[in-house]
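Multiple structures follow.
Look at the two complexes coming up: subunit A is in both, with subunit B in one and subunit C in the other.
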Partner chain A sequence: MKIDRRKFIKFTSLTTIGLAGTPIARALTGEDSLLAPVKPEPSLDNPLTARRWAMVIDLRKCLSKEGCTACINACHLTHNVPDFGNPKDEVKWVWKEPFEHAFHEQEHEYIDEKLKHAPTLVMCNHCDNPPCVRVCPTQATFKRETDGVVMMDWHRCIGCRYCVVACPYGSRSFNWRDPRPFIKKLQPDFPTRTRGVVEKCTFCEERLAKGLLPACVEACPEKALTFGDLENPESEVRALLKENYTIRRKPALGTQPEIYYII
Partner chain B sequence: MLEKALKGTKAYWIWVISIMAVMGIAFLFYLKQYHYGLGVTGLSRDVTWGFYIAQFTFLVGVAASAVMVVLPYYLHNYKAFGKITILGEFLAIASVIMCMTFIFVDMGQPFRIVNVFLYPTPHSLMFWDTVALGGYLVLNVIISRVVLDAERKSIPPPGWIKPIIILSIPWAISIHTVTAFLYAGLAARPFWLTAVLAPRFLASAFSSGPALLILLCLLLRKFTKFDPGKEPIQKLALIATYAMAANVFFVLMEFFTALYSDIPEHLMHFEYLFLGIEGKATLAPWMWASEILALLALILLLNPGTRRREGTLVLACITVFISIWIDKGMGMVVGGFVPNPLGNVTEYVPTLTEIMISLGVYAMGVLLVTGLYKIVLSVRGEVRA
Partner chain C sequence: MYDAGKIIIGLIIFLIIITFPVWYNIAMGKATYIPQLEYPVDAEQCVADSAYIRASHMDLLNTWRDKVVREGERVYHTPDGRRFEMSLSNTCMKCHNKKEEFCDRCHNYLAVDPYCWDCHIEPKELVP
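Up next, the complex of A and B:
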């Protein structure tokens, strides 16, 4: 296609008007008012940032919808997590574990039977003091200094599985075989992994970079998952931690997990 | 000097070629693992390290045990070890190479292993283990080469080698200490979270290593003109005795702490290993066998009569070796994974592929020991014509 001067000017002026026009139109229609905050388009220009990302899981809300796996499905779909259909090869980022396993130091003989077996949502705790990062011999797993997300470099991981051994929460999975044929619906905008590397939840760092909340948080129909900046006293997570008594998994180990549970 | 390993009798070559055949078959199994991934092993999400890492851990001990001949010979000038010190060092070299190979075959992305050197990470114990093992290999290659060369020329070894030999003594201790630290520093695994792990590793190493060296010396005496003499064998037996006693003592310490403190997270691993949990008790017969063999070994070794008689000493050495191979290998490694940190009991049994690959690595070690010992005996002109 040949673009002459006329067409070029027409195109650029229209685009400029369009760009400038959107906020004006929004202001006029009241869409931009304080009551309804504008939701920017997903773009790398407006990422979600924090000094310390954390999550509060309201187990009461989570359990209120029995058999719900919306967050797990959303996460595993978004991140091309394979489904092998057997426990030996299993790869999982977010899953449900009976309460007595997720919190076995909290469990006791007379605990409510319902809670004892309650499917408790677990994932990487994005510890402040992550043992997996400490043991990794190649820094393929590392804590991002800016916001505390524990990340993975799947191109550097040598597959020694020392991080899997060191994680006190069983949050890490290894690719025992080629995962690609077992991805149900391939998402082209997220990398797939190769056999022989470790993977886990990354707090959706790729979504945060585009200004989106983690997939699980967004998918939860009960709004049981709250994600926010722990170091911002005004944040929603801080409000929840203030209003509720929360527990964390294996706090005695000193890993400082950043997933908090309201029971 | 290496050419001496390439000249030998028909029997020597039949032996060498048979070992290489085992290595060849194992290599085919490795190709299968390389193409499919580590899913060909019995490992899973819950038990992520198994047979390979167990062999690695055990063999680091055999490698470190060379210090049990090096120290008396070079530091205390204990002349009786003159003939066998080099055998200990060569055994160490073969063991370290086997250790490295076991690590290699355990990697999900083996050819990315260079990343350990491209991104050196001092806060990872695995980095230090690589440094320790690599350094130990280099030290032993230099020492054995220089000392054997001097022996061939019938001259005393050069003075500069002495400090290197002295350095190799703490270095030997360090390789096994760092290997224990791989395990003992993990909050996630209460079974390994014990300060006695490194001392226990060393004790079991200084027992199983000399036991193996005794067996190798006696085999050499049977098939070649080499005769280690009675005194060094008896001294090695005494070392193995003390070390085995210390090893059993440390194991009992572990039992006491776990049983008396009664902390479920600690106790569960012992329960799984010796009794089984939820009817899952694959390792229990092995663990009991290991404990019974340890007891038998102690009886045979502590009793001067049975220790001095060669037939019973051989039996004692074999029991020591098998007992520690089970306990320090599969028992120690797999015991740490079951139950997993969430309290789930997932068992692990190595697959045929895993066992064949491991057999191949051991065959490589046997080949190395054969070749290296052949060099020693050729240099000394002790090969049976």
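Up next, the complex of A and C:
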């Protein structure tokens, strides 16, 4: 069989048109799955998994929007966190702390005044070596071997508050009173806690199981929070850690916190 | 025995009073009372057969709790190949959405007071 140039060009151009046909037809019929990246439906069938979850907080972006509490609101709404309206009973999963308190080791006499009092976003650091887990007498708080999340089993918590004392970051809150009446809007798919139980951030493990990013990461309008697998060299967090100089809270304590800050 | 007559009569009266709830309920036909539960109308089949659920639902829930919280496993596979999310609020209470007519009737009858709903939210509480 002999193919001359004319025939070859005819054949290849027809093939190209034929290949282009499917996406064009899909686009015309409204089936645009080939043209746009598909985001899978939140379901237990496609969970987000990692060997070591970690978060990078870009403080420059975070501070650029003054007075923003989008992440805090989203988290506290999602997890039925009560608002007692008084600092003595306060329960918090993620909150803001002046920079000089969050990073007192970094603070000095001549530090930029603006940064010194800047409201720094802080939460549970999901330490690699968590002191709260070591002291818990009932193993109500434990470290998940699969992905490094420092988890809480509220069924088991007896309210001894050893963990509250052990945590060097103040990430744990105790329910001194019944939280139910102080929850503004109940979320049916997440439990509340009772009086006498300690609570804290769980890296939204119930959302990860459904393939969703943590509520705070999703809610941030400045995209200042990045969540990903620390052990995957291709991940977004690893890229950020490679490109930027990052600090962690109280590294000298040896808890190996897994929240990184870009200042 | 002194005053045998008085003592024996006294004992008989005592026994009658102490067993009063028992024979009173028999006489009133309440001894055969069984709590009537309201089953969901539009659901086809529970995660396990009724005999097992009736006797061991608390064990199943305890297993589910440990699987989800401690092992991070969330999907329950029934022997006949159906899949469910292991969740009291999001699976059980989606069909059995009337806690008072289902859970409470039996629990009250047996005088058990499970603390599930101290934290987990029953469907009714969402209605403002």
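Here, the second predicted complex is superposed on the first by the 227 of 263 C-alpha atoms of A that agree within 3 Å, B and C clash if a C-alpha of one lies under 4 Å from a C-alpha of the other, contacts with A are read in each partner's own complex, and residues count from 1 in each chain.
Here is the rule we go by: contacts are C-beta pairs under 8 Å (C-beta built on N, C-alpha and C of every residue); 3 or more make two chains touch, one makes a residue touch a chain.
It should be emphasised that the depicted structure is a prediction, and the values quoted were computed from it without experimental measurement.
Visitor: So in the superposed three-chain picture, is A:Ala102 touching just subunit B, just subunit C, both, or none of them (first/second/both/neither)?
Guide: In the superposition, A:Ala102 contacts subunit B only.
Visitor: Based on the superposed arrangement, let me know which partner A:Thr192 touches: subunit B (first), subunit C (second), both, or neither?
Guide: In the superposition, A:Thr192 contacts subunit C only.
Visitor: Tell me which partner A:Lys88 touches in the superposition: subunit B (first), subunit C (second), both or neither.
Guide: first
Visitor: Would you please give the residues of subunit A that touch subunit B in one complex and also touch subunit C in the other complex?
Guide: Correct list for subunit A: 194.
Visitor: Mind listing the subunit A positions that touch subunit B in their complex?
Guide: 87-91, 97, 100-102, 104, 131, 134-140, 156-162, 164-170, 173-178, 194-198, 250, 253-255
Visitor: In the complex of these two chains, what residues of subunit A are touching subunit C?
Guide: Subunit A reaches subunit C through residues 44, 142, 144, 146, 151, 153-155, 186-189, 191-194, 205, 209.
Visitor: Give every residue of subunit C touching subunit A within the complex, in rising order.
Guide: 65, 69-70, 72, 74-75, 85, 87, 89-90, 115, 118-121, 123, 125-126
Visitor: Across the complex, what residues on subunit B touch subunit A?
Guide: Subunit B residues touching subunit A: 36-39, 41, 43-46, 48-49, 103, 106-110, 112-113, 115-116, 118-119, 121, 123-127, 130, 182, 186-189, 337, 340-344, 346.
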